[in-house]
Amino acid sequence: MSALIFFFTFALIAVGAAVGMLFSRNAIYAALLLIVNFASVAFLYLSLGAPFIALAQVTVYAGAIMVLFLFVIMLLGAERLPPSQELPWQRPLGIVLAFLLLIEAVYGIVFRVNSAATLSLPVVEFATPAEIGSALFSTYLLPFEITSVLLLVAVVGAIVLTRAEGGARRRALVSQITQAVATEVPEHKAETPEEEKELV
Amino acid sequence: MTAADVYAILPLIVLGGASVVVLLGIAVHRSHSLTLILTLTGLVAAFLLLPLVSIEAPRQVTPLLVIDSYSIFFSGLIIAASFIITVLSYSYLSQQRGHREEFYLFLLLATLGSVVLVASTHFASFFLGLEVLSVSLYTLIAYSRKEYGIEAGVKYLILAGLSSAFLLFGMALVYSELGTMKLAQIPTSLSNPSSGVSQVFVLGGLALIVVGIGFKLALVPFHLWTPDVYQGAPAPVTAFVATISKGAMFALLLRYFTVVNIHNYPSLYLAFVVIAIASMFIGNLLGLLQTKLKRLLAYSSISHLGYLLVAFLASGPLAAVAVAFYLVTYFVTTLGAFGLITIMSNSDRDAEDPEDYRGLFWRKPWIAGSFTAMLLSLAGVPLTAGFVGKFYLVTAGIGSALWLLVIVLVVTSGIGLYYYLRVVVAMFASLPKGSTIAPAMRISPHFTGALAVTILVLLLFWLGIYPTPILRLIESMVTGFS
Amino acid sequence: MVPLSYYLMLSAVMFFLGVLGVMLRRNAIIIFMSLELMFNAANLAFVAFALYYHSLSGQIFVFFVMTVAAAEVAVGLALIVAIFRTKHSINVDQLSSLKG
Amino acid sequence: MLGLLWLIPVIPLIGFILLAIIGPRLSRTAVAIIGVGSVGISAILAILVAISFISSPPAGNAFTQTLWTWINVTNFNPGISFYLDSLSMIMVLVVTFVGFVIHLYSAEHMLHQEGYSRFFAYMNLFVGSMLILVLANNLLLLYLGWEGVGLCSYLLIGFWYTNPANGRAARKAFIVTRVGDAAMAIGLFLLFNNLATLNIQDVMQRAAQTWQIGSPLAVTAAALLLGGAVGKSAQLPLQTWLPDAMAGPSPVSALIHAATMVTAGVYLIARTHVLFSLAPSVQLAVAIVGAATLLLAGFSALTQWDIKRVLAYSTISQIGYMFLALGVGAWSAAIFHFMTHAFFKALLFLAAGVVIDAMNDEHNMFKMGGLRTQLPLTFWTFLIGSSALSALPLITSGFYSKDLILFDAYASPSGSTWLWLAGLVGAFLTSIYTFRMVFLTFFGKPKTKAVYQPGSRINLALIVLAAFALLIGFLETPSFLGNINVLGNFLSASLPATSILPQRAGSEGILELVSAVISLVGIYLAYLLFLRVPKTTEAMVQSPVGAVLHRYWFSGWGFDWLYDTVLVRPFVWMANSNKNDFIDLLYKGIIRLNEALHRVLSNTENGLVRWYATGIAIGAVIIIAIVVFL
């Protein structure tokens, strides 16, 4: 029972925050509401026996990614857009489509899935950070390396796309790149988007 | 991971290592030609490793990648195409201002992502390979940081992100029902009646995965981004999007849906039939009166991927051969077309307007002649590579009695012929009096670009006249897994 | 105990709110946030079923997705900054020079 | 040595590619070396291959060389493969050797013309295509060569494209032969469809096994192939293009429109003789077409004033003899006449080219005369060629080949007295018009002074061809004149021997004598009419009957007029008046529909990224609906 209450509390917060993000006129509010959404999902992760993922959710998403969002919004001064409507039929069409998708999903979930299946309590020894770490560095070593490549792309890409014309920032750039190459530790990658904001 | 595993993925390691070397090279000494040489060396080394690696094939390296002759063949194709694109990029960038060297880094990494895709046997490697490719492409498309480039980059970013999200949700659905992300386990879990698996739910997940794949392949109805991105991106990057990105994705599609035998799932099969017919018709109709060359080639590529689906939907040993051979001809032809646009473009814009190619034959007979060859191959005229490729597609389709698809293929090829020939006619039309050279025309193409294009033209005719060696190679390498 | 389908339902609702955001909002940054919401929705399903099947692979996959999201955000926001420099707006409806 | 076979067609093609790519930047000497040299090497290779083929015949007297298979699916597997038997060996030898001599001639003849390298590029392409045509082992490759020579013919007739009349002549040749080509293409499809193989030898074998004699399919296929042959070889009713084709340079007329390409029809029928044997009615049609053509063209040749048009009509007429031979089953006689004709007609065209050059581009024979002393070598070689053409007894090759045909037309089971008589009248006409040409051009009073003397290369070409025109006849002589059968024996490996009715076999000597006399009488008549009493001849032409006949004959029996009135004008009229008719509405409707769909769909490419995202969502909804609900 308490598990159900826990679930519904955070599920409602998550959905409410998402709806709020969708309709907020101010981009800053939207970003803050999204952080609320992420945080409540992180709580659900905790109840699903995924403490490591829950913490990563808070640090990477809520901590790093959303800070970067807020930073860019404030940097550009793009909290609000002047009202304009290029596609008058876009709004009703979009809503209809989203509902159709939802209906299809509900149809699948409610009528097709064995809905009686419930989740057992998390086993104590399941998905500890140690287990995840050993899996990451054994079975999943290869994709782990691929993520490092992906972060390399992201770091250099962000620098290339926002660099100032000319070679004024070249020295800073070189040092950033060498740092980025060294990026291997998972927690560290959360900070890389932050690093590049100095160049913006 | 054993030593043999590491040996099997050496080409991947070399590609990744080459990107690090390029990065350090830029840091030490920023030189355009040095970067080019490092990049080409990396690609050649990776390519030369493929035959050595194939001794160990087939080998499953962790659950994520499989190095078999199929993935080696497509890796070779991708790396070779990447080599050509790198050379074309040198020709293209040599007249651009600003930093040019990082471009090659992204080319290498996007190639790496594509190679991961063709060897993928697990959702994780699928998703990560796709993202390495996509994120590199965002940067490459917007690399020039001119207005069009950035606009194309943002469009590609948002839409690719959206399609990735669909893909991811599809993977989640499949995982939720089957409890596995390994490709090889999907069909066994699906067909096991005692497992209580809801087939429809899994098929819905597969359908969402098809959305993600269809976006990358620019199949109708996920095609809307194609012309804008083709037009906005620098010509060599457009070539990359049109060839390597699509080729890798198609190789993955063929592998995944051969393992998950689509012939067992009529509704999924039907979905592909609808996509194929829509792509052939809509791609060709959109191209009909288009005058901008890069947009025209975008529409053309939509229909070509539709043609490819015909062989994909056929069964039997010929289908995979037809797909692989058609991809080879499509690579050669598309690279050639974009290569020609590349060597004609100057630093202001890409040569794609009608005035750039009207009467081109009288100014640049060789470029116009090569372009004509490329367009005729795209149209599927005999003695060019495109004809043999299309012939195999049709044969594969007829072999599996896919009459509707084959008829649509033939009819829409007829529509397509119109716009290819329209460009050819424009190139041979006489110039209006007084006009000499269009402003975007480059005076003399860079020799590296000209060399690359010459090789492609020769390949085009070679494949059209003497396709046997390539076909033998494909037959021995591609049919293995299915 | 919470039925599994609840988690799937929550995940689906969040996913479609994300789709709606991409289709309806004009602010490129909010479109981007909606994409993050969709990724997040898929992650939730993965974590829930990782527990159901007692397999780590779902959680590890979520970990990779987070990395991917971070990478996409880094490049995406850089692109948005770049587009702001040329167009002085991040209204995606104004990005329509390429068409036809 | 046989392994070198593939190089024979490939070397001229390499020459073509070289000349097409770098030709305009080369000096004329270099162009000539490439252009003439490539065909020369090809000719040497052909001789080497021939020596090896004859001295150590391959198994089955045929040699197949497969380079590679172009496409290989089920029973559609056209290879790039060549088939050498005695028939194609002779064709290859003639094409390369005559081709080489004509190239040598052209090197000098075309020296001061614009587009020297273009000329040699086309000529090399022609030789390559012609060799592919004769060596092809399958129907597709044969068709490729067939179309290739047609293309070269078109390009070379219109070589001087700045004159619109030449362009018209080129188009006419292309369109008229296309009528035949269409029939032939349908015939080839029919063969492939029914016999499920492209390989020519297999086609012949299976046809003989599966089809009865006179079965409808065999008749249809043979008739369609005959259509192609008639078009290419300028026989009735598609002969009208060849006289106009003389708009091209003289070497082109010699090589393409006399010696080689126009005889492709003869080759085609000989190559597919099994099919024609299965369709006796079509074979009879071949004989009748040949007989009718040789008569009509003979009369037309009598009245022409343009020296090259006389030769053109004469070519049509001589190919008529070959068709006659094919029609009566005298396969090797047809090939024999093809050989001799290739040499002496090429010689005549080349000599005529010299005359025209010497007369400052004058084609009218009535404005020439007395050139005997001014161009002695040209005169003597032209005389040899003319003698061979009019079958002067004993010493010329034409005598042996033509009289063999006449005898076979009379004595073979499918021959008849009528066919023989037609051939005999044709022979009579031939000697008249040939020596009319000789007398008008080289005898009488000089009317124009020769402004030019041929150089060494042209003289060499003329002498070589003249020597062959005399000697080559001795490969095959009648039974009472040595009874040499070199050619017949050689060809017997690929073509069945001609059967002779025993009751008519004895008449050979008498027939030879009759035709020899006819030939001599014809020459004497020409002497009378055109040298002794030209005024009487003029009067005959001016008389009412003479004028009508002259007009008809001069215009090639009015076939151009007929086709123009019956086919071209009504067709153009119909096309014009039906511009907006029902059927066109259908096509226009399709165009409109496509354009309308294009416009509608183009609206979807509005550049708005939110709409594009909606598009993806629509696609997702549709696909999930298909998968989940169906």
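The chains carry the letters A, B, C and D, assigned in the order they are written, with residues numbered from 1 in each.
What we mean here is this: contacts are C-beta pairs under 8 Å (C-beta built on N, C-alpha and C of every residue); 3 or more make two chains touch, one makes a residue touch a chain.
Quantities reported herein were computed from a predicted structural model and do not represent experimental measurements.
K.L.:
By label order, what chains touch chain B and chain D together?
P.N.:
A, C
K.L.:
In terms of CA centroid distance, which chain is the most far removed from chain B?
P.N.:
It is D whose centre lies farthest from that of chain B.
K.L.:
Taking each chain's centre as its mean C-alpha position, how far apart are chain A and chain C in Å?
P.N.:
The computed centroid separation for chain A versus chain C comes out at 7 Å.
K.L.:
What's the distance between the Cα centroids of chain A and chain B, rounded to whole Å?
P.N.:
Spacing between the chain centres: roughly 30 Å.
K.L.:
For chain C and chain D, let me know how many angstrom lie between their CA-based centres, rounded off.
P.N.:
Once rounded, the distance between the two centres reads 73 Å.
K.L.:
Nearest whole angstrom, what separates the Cα centre of chain A from the Cα centre of chain D?
P.N.:
Using C-alpha averages as centres, the distance is 78 Å.
K.L.:
Can you list every residue of chain A that touches 2 or more other chains, as numbers and ranges?
P.N.:
In chain A, the residues touching two or more other chains are 86-87, 90, 93-94, 97-98, 101, 104-105, 108-109, 113, 140, 143, 147, 150, 153-154, 157, 161.
K.L.:
I need the residues of chain B touching at least two other chains; which ones are they?
P.N.:
124, 128, 131, 135, 138-139, 142, 145, 153-155, 158, 162, 173, 200, 204, 227-228, in rising order.
K.L.:
Check each residue of chain D and list the ones that touch at least two other chains.
P.N.:
602, 605, 607-611, 613-614, 617-618, 620, 624, 628, in rising order.
K.L.:
With chains as vertices joined when they touch, what's the shape: line, ring, star, complete or other?
P.N.:
Looks like everything touches everything, fully connected.
K.L.:
For chain C, which residues are in contact with chain A within the complex?
P.N.:
1-10, 12-21, 23-27, 29-30, 32-34, 36-37, 40, 43-44, 47-48, 50-52, 54, 56, 59-60, 62-64, 66-75, 77-82, 84, 89-91, 93, 96
K.L.:
Applying the document's contact rule, which stretches of chain D touch chain C when the two form their complex?
P.N.:
Residue list for chain D touching chain C: 602, 605-610, 613-614, 617.
K.L.:
Report the residues of chain B in contact with chain C in the complex, numbered from low to high.
P.N.:
123-124, 127-128, 131, 134-135, 138-139, 142, 145, 147-148, 150-155, 157-158, 161-162, 164-165, 168-169, 171-173, 175-176, 179-181, 227-228, 231-232, 290, 292, 295
K.L.:
Quick check on the complex: what are the chain D residues that touch chain B?
P.N.:
Going by the criterion above, the answer is residues 68-73, 80, 594-595, 597-598, 601-602, 604-605, 607, 609, 611-613, 615-616, 618-620, 622-624, 626-628, 630.
K.L.:
Which chain C residues qualify as touching chain B in the complex?
P.N.:
So the residues of chain C touching chain B come out as 4, 8, 11, 15, 18-19, 22, 28, 31-32, 35, 38-39, 41-42, 45-46, 48-49, 52-53, 55, 57-58, 60-61, 64-65, 68, 71-72, 75-76, 79-80, 82-83, 86-87, 92, 95, 97-100.
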